[in-house]
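Quick one: the structure is below, questions incoming.
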Amino acid sequence: MADVHASTAAGTGVVAHDVHAHHPRQQHHFYSMDQQLEASTLGMWVFLVTEIMFFGGLFMAYLLYRYWYPEAWAAGSNHLNVLMGGLNTAVLICSSLTMALAVRSAQVGSRMGQVVNLILTILLGATFLVVKYFEYAEKFKHHLVPGVNFDPALPRPEQLFFSLYFIMTGIHALHMVIGIGIMLVMLVWAARGRFGPSYYGPVEVSGLYWHFVDIVWIFLFPLLYLLGAHLGHGGA
Amino acid sequence: MTTAPVQEPRNSYLDAPHGIASWLLTKDHKRIAMLYLISITIFFAIGGLFALGIRLELLTPKGDLVPGDTYNKLFTLHGVIMIFFFLIPSIPATLGNFFVPIMVGAKDLAFPRINLLSWYLYVIGGIIALAAVAGGGLDTGWTFYTPYSTQASQTSVTLAAMAAFTAGFSSILTGFNFIVTIHRMRAPGLTWFRLPLFIWAQYATSLVMILGTPVIAITLTLLMAERSLGFPIFDPKIGGDPVLFQHLFWFYSHPAVYIMILPGMGVVSELVASISRKQIFGYAFVAFSSLAIAILGFLVWGHHLFVSSQSIYAGLVFSIITMLVAVPSAVKTFNWAATMYKGAITWESPTYWVIGFMGLFLIGGLTGLFLATLGLDIHLTDTYFVVAHFHYIMVGGAIMAFLGGLHFWWPKMTGRMYPEPLAKASAILVFVGFNLTFFPQFLLGYLGMPRRYHEYPPEFQVLNVASTGGATILGLGYGLCLVYLLWSLKKGQIAPANPWGAKGLEWEKTQSPPTTFNFDEDVIVTEPAYNYAGTKVHHG
Amino acid sequence: MPTHFPLFPPTASTVAVEMDLLYLFITAVCAFFAILVVAVIAFFTIKYRRRTPDAVGADIHGSLMLELTWTFIPFVLSMVMFGWGASLFFRLASPPANAMELFVVGKQWMWKVQHPEGVREINEMHVPIGRPVRVTLGSEDVLHDYFIPAFRVKMDAVPGKVTTLWFEATEVGTYHIFCAEYCGTKHSGMIGQVIVMTPQDYEAWLAGGKSTGTAVQNGERLFTDLACVTCHKPDSTGRGPSLLGVFGSTVTLTDGRKVVADENYLRESIMNSQAKIVAGYQGIMPTFQGMVTEENLLQLIAYIKTLKPAAPAGGQGK
């Protein structure tokens, strides 16, 4: 511990306020860029934990009803379009790659790398949403929307499946929209040369968020789309 | 008490910068704390008015003051406002926001703008709540149980659920800010075991906030989806289970009660140390007990479901863990008492609030054991016994701790002293009024008076009248408090930096009130908390 | 306003005494510790009051011995409370086999009670003293709760499920029934009376009451009217499984799961037939949701419970 000067209030040492050059992006309440980066990263991880708990409630409801109504669950799953879901899975995995490359580009200071990869990430995210739109439209056409036009000939618990389907994928899609919004901001900043080896925190934490949204989909896809094939039954 | 003449401090966070825009766009954690203090006081008053309506109706056995539907809205809104808009933010958003950075030796929280955002979310949630009140009210009970809330209620359920959702998001942001601050912004030399116990308590509270609150958010989302979009989730006619709602709801709402009491326990630790001028007895045990309560608190939610058709084996598990969660609270209480042994105890006003807390929290916590006991809970659940139990903890415990902390830190936060005799009188009025209001309710509960009743059999009247009488005294106590605290802002004696002669960074290293960046010089810590025995006391 | 008021509800059932004892035990333990802690704190604040403005307290950090002691003692006491409470809870969850059955359905804002012999009541429940009574509860709309303070029993009535409680009355008299789960406008009006009578008075009351058929008779009538009998033939020639001896037996479903055919299973099979299909059968049973009330369901269940297997060596059912 550094030499401390005794003061009238014994027990806490004081040193003169350090005068060193602050990075222009260092906020005043932090004493170093390292501390700022560590705080932002820890903050994003804590936030992602809250998101896990948020989606967790949905997974709990899904688990309970799947245990109670396996046949309705299989039937519901078989009504989903595995091709579109699979395509979306591939799209998101690719977007996580481009996101990671964007973070890397920021860390090494490549402005072109950041811009290209962020644009690709945004485009892939938008593709996901477009495919989602077509999927939802198909559900409307096939009378699979609870509370609106759900086919009464189908087993009633299948409505629970579809309620959860729309809510789970809908909230996920909302997170994608927010993610794209964040990436647009990152893109503008990256294009202006804001990030480099000494300051890339925002890109990194945005990347964490994007990867998280991708991982949620990695769970949703098999649970919703592949369940019917796994349980081996056709629809009711 | 003080020896040197005290002048108005220069450049406190209150004066510079000036103007309402500088307050509404502030990033200063201290200003945000004051913004919260004003907002939660307003909602406390609104919630209190609803309580007044409840107690007035219950003076007579017949429902003659207001129609049944109105009464149902009164108790529902009393609960929603007091829990989501007063108790949950209370200590963390006011005393926590103000003192967490100072106590860790930092210039601000880790994310000042997110802190401001959390206040705006609180205000938006509050406005939505008022819109719900104006637009038909809410009559589902603060617990929003289905299918009544999704299918039968004719009130502004979705709007009210949105209000709670928004307030919850505000709470998540506060918790997440505290966690990062405590982990990453402690001053050099400030190891975990040198932290004030208030910080340990806020840390444990923040863990609960971030892990639990998202679950109520998704539960309310499912409720709104079922009610407004017609998506069946809990509808028994489709095969859904109303009890699933109860599990999801209580998974958050039980830990929520620890969000409401843990900060209060942190305040009490600070006050007991300062009042006794002594190291808290068993510091590590008190610190770890906060974490134990936070963790165990997530494992007991099923004790709200003993008569709901939950499996009796699940009941066994929840009951035994509920017994376990009581133990750390008992440990804290014994440690506080042991701290006073061979202390140097003052009888200034904060002591009154602390002693009041001890008595009321003891009764509240012990009566939890009655409810945790399975067979007995069959008789007591859904009766006034439960109402009395939770008010003893949330009002007798949490609010007394909040007011105790507010008084203790008032000179630091505002630079003013409040009038001592009135503060003591208010503490006594609150204590007496509180007991008179809620103790009869234990008796009513065992007699069998159910909750949420606006009409009742005549043999319950005497106890109800006593309860309403107590509520009047309680209200006077709170009212008095509000009056002299407001008065002190302009007319109170100017406070020195350390009127209590207490130890702690906030007392020893900052002015009263502090400057915008808290400290004049960077802080380095070389001693444990509450190191009274090692040093001489300094006032002023 | 009454000038005297009770502090305890009437003690009118076999569990009430034990429940009151448990309550008094916990009160005594808690009162002891509360008074002890308050007295100690009061004593300390006087004995160790600050005598000079700069005085500080002694340099004491803690004591592992004390911490262990005051952790262990509350733990042990709370385990005693848990143990006693759990045993009482199990007793409350285990109706005796010879219990008399009553069916109660809650709906906003009344209680409909049906005796097996057919007599029905609204907001009143006549029961004999000295006989265990098992109440099967249902709800037609939202959550309700059947609460009889004098008997110290309480159970939620959950829509979509069947729940039960039981008691054995020990004192003749009239006692409150309350709804104890908030259910809307007239929640506090959803109250009634349980009238406990001597066995002879009860029989007399029963005989004088208007009967609309016993629960079993009504159930049998519904079984025919709703054409259940078309598929559920007594032998295995029907399109649906035979129901002889089904209640209480273990049933294997199409996906291999085995479930016990209790009241909730029967109720679900009628209302949501696709949920659990018996192995070896097709999922062709229609749903009867919307065609039967909660009371009808309880009557059908009562009837199905009486269906015993033909061969004495069957060994299934009760």
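Every chain is named by a letter (A, B and C) in the order it is written, and numbering of its residues begins at 1.
Here is the rule we use: a contact is a pair of C-beta atoms (placed from the backbone, for glycine too) under 8 Å apart; a residue touches a chain by one contact, two chains touch by 3 or more.
Quick caveat, the model's predicted, so the values are computed rather than measured.
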| item | value |
| --- | --- |
| Chain pair showing more contacts of the two, A-C and B-C | B-C |
| Most widely separated chain from chain C, with each centre as the mean of CA atoms | A |
| Rounded Å distance, chain A centre to chain B centre (Cα mean) | 33 |
| Computed distance of Cα centres, chain C from chain A, in Å | 45 |
| Rounded Å distance, chain B centre to chain C centre (Cα mean) | 35 |
| Shared-contact residues (touching 2 or more other chains) in chain B | 237, 239-241, 534, 536 |
| Chain C residues counted as touching two or more neighbouring chains | 272, 275, 289 |
| Chain A: positions in contact with at least two other chains | 68-69, 72, 156-157 |
| Sites on chain B touched by chain C in the complex | 1, 63, 68-69, 72, 139-141, 145, 147-148, 151-153, 236-237, 239-243, 276-279, 281-285, 306-309, 312, 315-316, 319-320, 323-324, 326-327, 330-331, 333-335, 337-347, 351, 355, 358-359, 362-363, 366-367, 369-370, 372-379, 381-383, 443, 446-448, 450-463, 465, 501, 532-534, 536-537, 539 |
| Of chain C, residues touching chain B in the complex | 1-2, 5-9, 15, 18-19, 22-23, 26-27, 30, 33-34, 37-38, 40-41, 44-45, 48-51, 53-63, 66-67, 70-71, 74-75, 78-79, 81-82, 84-93, 108, 141-143, 145, 147, 149-150, 152-156, 158-161, 163, 176, 178-189, 272, 275, 289 |
| Residue ranges of chain A touching chain B (in the complex, touch as defined) | 1-2, 4, 8-18, 27-31, 35, 38-39, 42-43, 46-47, 49-51, 53-58, 60-61, 64-65, 68-69, 72, 146-148, 156-157, 159-160, 162-164, 166-167, 171 |
| For the chain C and chain A complex, residues of the former touching the latter | 254-255, 272, 274-275, 277, 283, 287, 289 |
| Parts of chain B lying in touch with chain A, wherever the complex brings them together | 101, 106-112, 172, 176-177, 179-181, 183-185, 188-189, 210-215, 217-219, 221-222, 225-226, 229-233, 237-241, 244, 247-248, 251, 505, 508-509, 517, 521-527, 531, 534-536, 538 |
